[in-house]
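Take a look at the structures below.
The two complexes that follow have chain A in common; it is paired with chain B in the first and with chain C in the second.
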Partner chain A sequence: MSVNLQSAPAAVRDSAPARREGPRKARGLSRVGALFVSPYVLFLVVVFAVPLVYTVWISFHRFYFTAPGTDVDSPWVGLSNYKDVFTDPVVGRAFLNIVIFLVINVPLTVGVSLVLATALNAKIRGRAFFRAAFYLPYVTASVALVAVWQFLFGSDGFVNHLLGSHAPDPSWLVNSHLAMPMIAVFVTWKQLGFFVMLYLASLQNVGKELYEASAMDGAGRVRQFFSVTVPGVRPATTLVVIYAIITGANLFSEPYLLTGGGGPDHASTSPVLLMYQKGIEQGHPDFAAALGVVLVAFVMVVSLAARKLTERGN
Partner chain B sequence: MLRRTAYALLVLALAGTATACGRSAPDPAAAADARGPITVWLSNNAQEVQWGKAMVASWNERHPDQHVTAQQIPAGKTSEEAISASIIAGTTACLAFNTSPAAVPTFQKQNGLVSLSDFPDGEKYITERGGSLTDQYRSTDGKFYQLPWKSNPVMILYNKKLFAKAGLDPEHPKLATYKEFLDTSRKLVHSGAAKAAIWPSPSSDFFQPWYDFYPAFAAQSGGKQLIEDGKPQFDSSAGRQVAGFWRRLYAEKLAPQEAYPGDSLNDGKAAMATVGPWALAAYKNSVDIGVAPVPTADGGSDKHSFSDEKSAAMFSSCKNRATAWDVLKFASSAGQDGNFLETTGQMPMREHLTEKYAGYFEAHPTYKAFADQAERVVEVPNVPGSIDIWQTFRDEWTKSVVFGRESTPAGLRNASSEITDLLNEYGDPS
Partner chain C sequence: MSDTLETRHRGGSAVRYILLSLGAVAFLFPFYYMVVGSLRGTTVGDLSAAVPAGLTGANYTAVNGAISLGRSLLNSGIMTIGVLVCTLVFGVLAGYALAQLRFRGKGAVFAALLLVQMIPFQLLTLPLYLLVVRDYGLGDNYLGMILPFAINSTAVFLFRQFFSQLPQSLFEAARIDGASELRILWQIALPMARPAVLTALLLTFIGPWNEFLWPFLVTKNADMQPLAVSLASFLSNLQGTVANPAGALLAGACVLAVPAVALFLLFQRHFTSTDIDSGVKG
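Let's turn to the complex of A and B:
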């Protein structure tokens, strides 16, 4: 029996050339596409992949930076740098500080930015102004914001003037119990605008009919928030949580500027600040590289755990 | 196609890396005799820049074939960081007139410095110019990798108006002994004349001990360095007295535990500061300044202090080292040192300054106290791991002295033990 392609259904006709090109498309082998992505791939290789591999290499060797053309041995030392990292009490303190930071910053970021985004998503007067106002700290240089924070929370600052004899002693930014929470609150405030924007975009995808249906069932605004809004923006919440964790784990400028390089007794030293002090100030890039690798592993584990947690019940 | 693209990218990346790693350094033997244009780095202190430009103009007028370009040192948190990064990148100037002796062992380890002792007249020139103070600047291999250039002996600068406001005699301040210093501080703060009697930065930076602990330790110990003969010296009676004195200042809130975001003496927030003579020019239009020696437990005269010295160093990226050496000698000659003193008020590292530049000190009597002090200065120890060692000391100081979270003897003992371990580690890095 012969098959007349002219009279065959369109789907069958179209399938003939599709079978020829299918495997090629499936493997993504498009010359134009490869050409377009090649600058970015090159950028990724040069700026991320090569330094990452080099960092891991350094972390297994005794290594220090030298002048060009200098022939210096960098002997393999196995896990020695990692042993130094895990036995250094300051490293332990730095990771504890990050845990304190994340415990305060992540829930606060998610909660406040979602509530604010929900409020800014409603038809309120001056909505555009408020959206810009919350975004302003995010686009302002950290140095300028630190000056505001010091004006408020310095030992001679505005808040202590209000509190009088009830002000903490030592003051907020040099108090070993308060320094890290203060940094966590500062970063939450600074980053809020970005996360509000993420939630605002996500809220546009939550169907209005869900709100109408829940209203008809007698749900109030609070019930709607927890039963419609929160599940509706869950993918955004996952993104916000992971992004906040990564930002928190990379904390540098805030402890560096707010508490004068780690604060009293390393109360606000972060792993990245410690990498800078060890690698750049004290000339131990091998230690800093090992610490960096440990930090990457830490971020991956915490991010995966957070993702499991936020996507639970999906 | 994709596989080829990936291979091409990898080759490009590796080639880039290899090129970056394969930068060449000048051949030391050829560079040692080579003459030609060079660049020098100056600190960003306005007066030093003024002197540097004049010095370079004077050189260029006499040596048009060996042109010198002067630039301010690249920006960084500290000039040590900027220099260290430049050594690694191979972009250092030939000479830098702002090298901290504490960073010299690190620069040496990076193979970033040229031994000045290797120039035929190097040893002779450096030792004759610096006199008896010079040996503190030798490296552990016995050579000079720095020319001790200028010092800023740390003394107590005080605001005469605030002293008068507190009912104290500004011309005869009682600051010689710890008891006098504490009594004076209490009067300054309790009278409301100043928020702080003295306000050194309590931050964790490795170099901060040079402005609170070290001058006082040099004075109290009769001129000991932090480390001598490979052993820490501060877990001693002198160290404990100094630590106890500073702890009382912090405990009684006479010195704040939070860093001041600016210049507390200039802003009238603190009545005193531990500073070198460079600051006099900065304060001359804003504060009526008096000068006193660093206190000791029993007072007395002719005490030591920290030098806050800066050296001039030559870097291994320099291609015209013969010119660089000649410029270094020209810039540190007696005539240029006189110009430097006149322009900046900082002390050239020469003996008997008050006799050599008598005219200047007659016209500027406030600076004479610093010139006298410059005869008795103590330098940071020139040992490998110097910055690590100072950071370890600072961490314990902050914990025990500034915040009182452990006793001062325990803090000094811990620091001494940790620093001993570091010295052993650096001595035997295997």
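Let's turn to the complex of A and C:
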């Protein structure tokens, strides 16, 4: 991808006498290109690189919130913050919660969105309507949808009225066994439309002849779905998994709002929610920074493992 | 043979419609419930709330009294428009440079662009909060609200993909005529990129408009809070102040949902599955 600018003008001069403007132009272009891209680079440095380095730095120091302008020492404390993170049982619970989230979210997303995309992948009446309907939750704010879900799944809510005596007790969002699964289902529902569209695009790349050939061999629709469609859209499935990991690592609004600040006994606490509570509410930014670094490591390990798994599937 | 194929086809399409309709109900019912619930005089969670009856706008007045909808909407608007303008101006420049110009470090910038999309953004909120609020003093400030989203990397990627597809010869000709790169971008590339620009704007819009965590951290003053934040504070601690809390909450949710939903429905045709695909392909 990178262009060797030193040799480029010479090459142009030698090979293309018709473009005598070459050397000057090429050097001029390089300046314009760098100029055009510089605001974006500045943005990446300010919003990504500096905070990333800053977190790592804080995580190795005793760090206090201070009023602007005041100078307070931040002594080096080595791995002390990390020790605190690893010995805190709530941290373990928060990471377990991401695992619960992934175990529910990934199969549900892959299964339902692939079935819906397959059903949508034909010239049928109302196609535009269905696509819009599926996409609606994806474009709508979490906060707005959380409000409706609280109302639907509250102890005196619509769903419990439907279920009558079968309603869970305590109710969905305040039940320590159901709080995290509810978050996983909510997020799956909210983002499903995006993955339906992703699979729909991916289905265009599955050769029609594969379906014809398997039909000739007497495969039914269900058989075709499992032996042609599912392997055909594997790259999209890998993306679903990676997205789910990133979403799980980013969870904040749902545990904070849907299950009232992390559910009963931290049953739906997420690492980012914990970073907020420890770092900003309780004033331990150094603990929160170390937790952030651990979370990045967790995301990398899980993503790598997931990639290994999907590649083995190939 | 043709007979069995036809029956199978008809059976398949019935299954298709049943599946799609079930999906549509699951996706649309909460929205329907939200609208109907927001219009009822007393909103309780029972089955009757799903039936529109005794409709009133009182809940909208109530939530407006509790969190000042107009002011919140204005804050959401300023934050979102700030992000859109920055993404459009700087994102198009960066996308064009990455697609059509040669410069030192281009490969590194593109690699960073792809990498950034993989970093869980929320992880950076704590150090960003320390920097923006404590060091730069941008708490309760529009600039502070906009900064982390100022240039949307997915949009830059979309612009780059689109500008790469335009024929090179077009740009060569303009360059030989002595047009500046800015002029080529403005007069040749951009007019052709309208579908990409629309998609990118729509994708960019829903980010800051729906965002909760960052403005929640940056704005403590209720007058500066965007609607998602003021609605969330209504959800967690202001519900007791109105007569029909559930109805008022749903009314606020409707107001927050409508702009994004309306824009999406309006530009739906431009928002095709292939765009989404190229947006995530990396």
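Criterion: the second predicted complex is superposed on the first by the 274 of 314 C-alpha atoms of A that agree within 3 Å, B and C clash if a C-alpha of one lies under 4 Å from a C-alpha of the other, contacts with A are read in each partner's own complex, and residues count from 1 in each chain.
By definition in this document, a contact is a pair of C-beta atoms (placed from the backbone, for glycine too) under 8 Å apart; a residue touches a chain by one contact, two chains touch by 3 or more.
These figures come from a predicted structure and were not determined experimentally.
Peer 1: Looking at the overlay on chain A, is there a clash between chain B and chain C, or do the two fit?
Peer 2: clash
Peer 1: Touch check for A:Asn250: first (chain B), second (chain C), both, or neither?
Peer 2: So A:Asn250 only meets chain C here.
Peer 1: Now for A:Ala128: first (chain B), second (chain C), both, or neither, which partner does it touch?
Peer 2: Only chain C is touched by A:Ala128; chain B is not.
Peer 1: Check whether A:Leu309 is in contact with chain B, with chain C, with both or with neither, and answer first, second, both or neither.
Peer 2: Neither: A:Leu309 stays clear of chain B and chain C.
Peer 1: Is A:Gly154 in contact with chain B, with chain C, with both, or with neither (first, second, both, neither)?
Peer 2: both
Peer 1: Once the two complexes are aligned on chain A, which partner has more residues of chain A within touching range, chain B or chain C?
Peer 2: Here the partner covering more residues of chain A is C.
Peer 1: Does chain B (first) or chain C (second) touch A:Ala34, or do both, or does neither?
Peer 2: A:Ala34 sits against chain B and chain C alike.
Peer 1: Figure out whether A:Ala297 sits in contact with chain B (first) or chain C (second), or with both, or with neither.
Peer 2: Neither chain B nor chain C is touched by A:Ala297.
Peer 1: Please work out whether A:Leu79 is in contact with chain B alone, chain C alone, both, or neither, and reply first, second, both or neither.
Peer 2: Neither partner.
Peer 1: Between chain B and chain C, whom does A:Leu96 touch in the aligned arrangement: first, second, both, or neither?
Peer 2: neither
Peer 1: First (chain B), second (chain C), both or neither: which does A:Leu200 touch?
Peer 2: Second partner only.
Peer 1: Both chain B and chain C touch chain A; at which residues?
Peer 2: Shared contact residues on chain A (touching chain B in one complex, chain C in the other): 29, 31, 34, 41, 46, 50, 54, 65-66, 68, 147, 150, 154, 156, 260, 280.
Peer 1: Would you mind writing out the residues of chain B in touch with chain A in their complex?
Peer 2: Touching chain A: residues 1-2, 5-6, 9-10, 12-14, 16-17, 23-25, 81, 84-85, 87-90, 106, 109-112, 195, 201-206, 256-259, 261, 316-317, 387-388, 391, 395, 398-399, 402-403, 405, 429 of chain B.
Peer 1: Could you pull out which chain A residues touch chain C in their complex?
Peer 2: My answer: residues 1-3, 5, 8, 21, 25-26, 29-34, 36-37, 39-41, 43-44, 46-48, 50-52, 54-55, 58, 65-66, 68, 112, 115-116, 119-120, 122, 124, 126, 128-137, 139-152, 154, 156-158, 160-162, 189, 192-194, 197-198, 200-202, 221, 239, 242, 246, 249-250, 252-253, 257, 260, 272, 275-276, 279-280, 285, 288-289, 292, 295-296, 299.
Peer 1: Which bits of chain A are touching chain B when the two form their complex?
Peer 2: So the residues of chain A touching chain B come out as 27-29, 31, 34-35, 38, 41-42, 45-46, 49-50, 54, 62, 64-70, 72, 90, 147, 150, 154-156, 170-171, 173-174, 176, 260-266, 277, 280-284.
Peer 1: Please name which positions on chain C make contact with chain A in the complex.
Peer 2: Result: residues 8, 12-13, 15-17, 19-20, 23-24, 26-28, 30-31, 33-34, 37, 43-47, 49-50, 90-91, 93-94, 96-98, 101-113, 116, 118-131, 134-135, 137, 147-148, 150-151, 156, 175-176, 181, 206, 209-210, 212-213, 217, 228, 231-232, 235-236, 246, 249-250, 252-254, 256-257, 260-261, 263-265, 268, 273-274, 276-277, 280 of chain C touch chain A.
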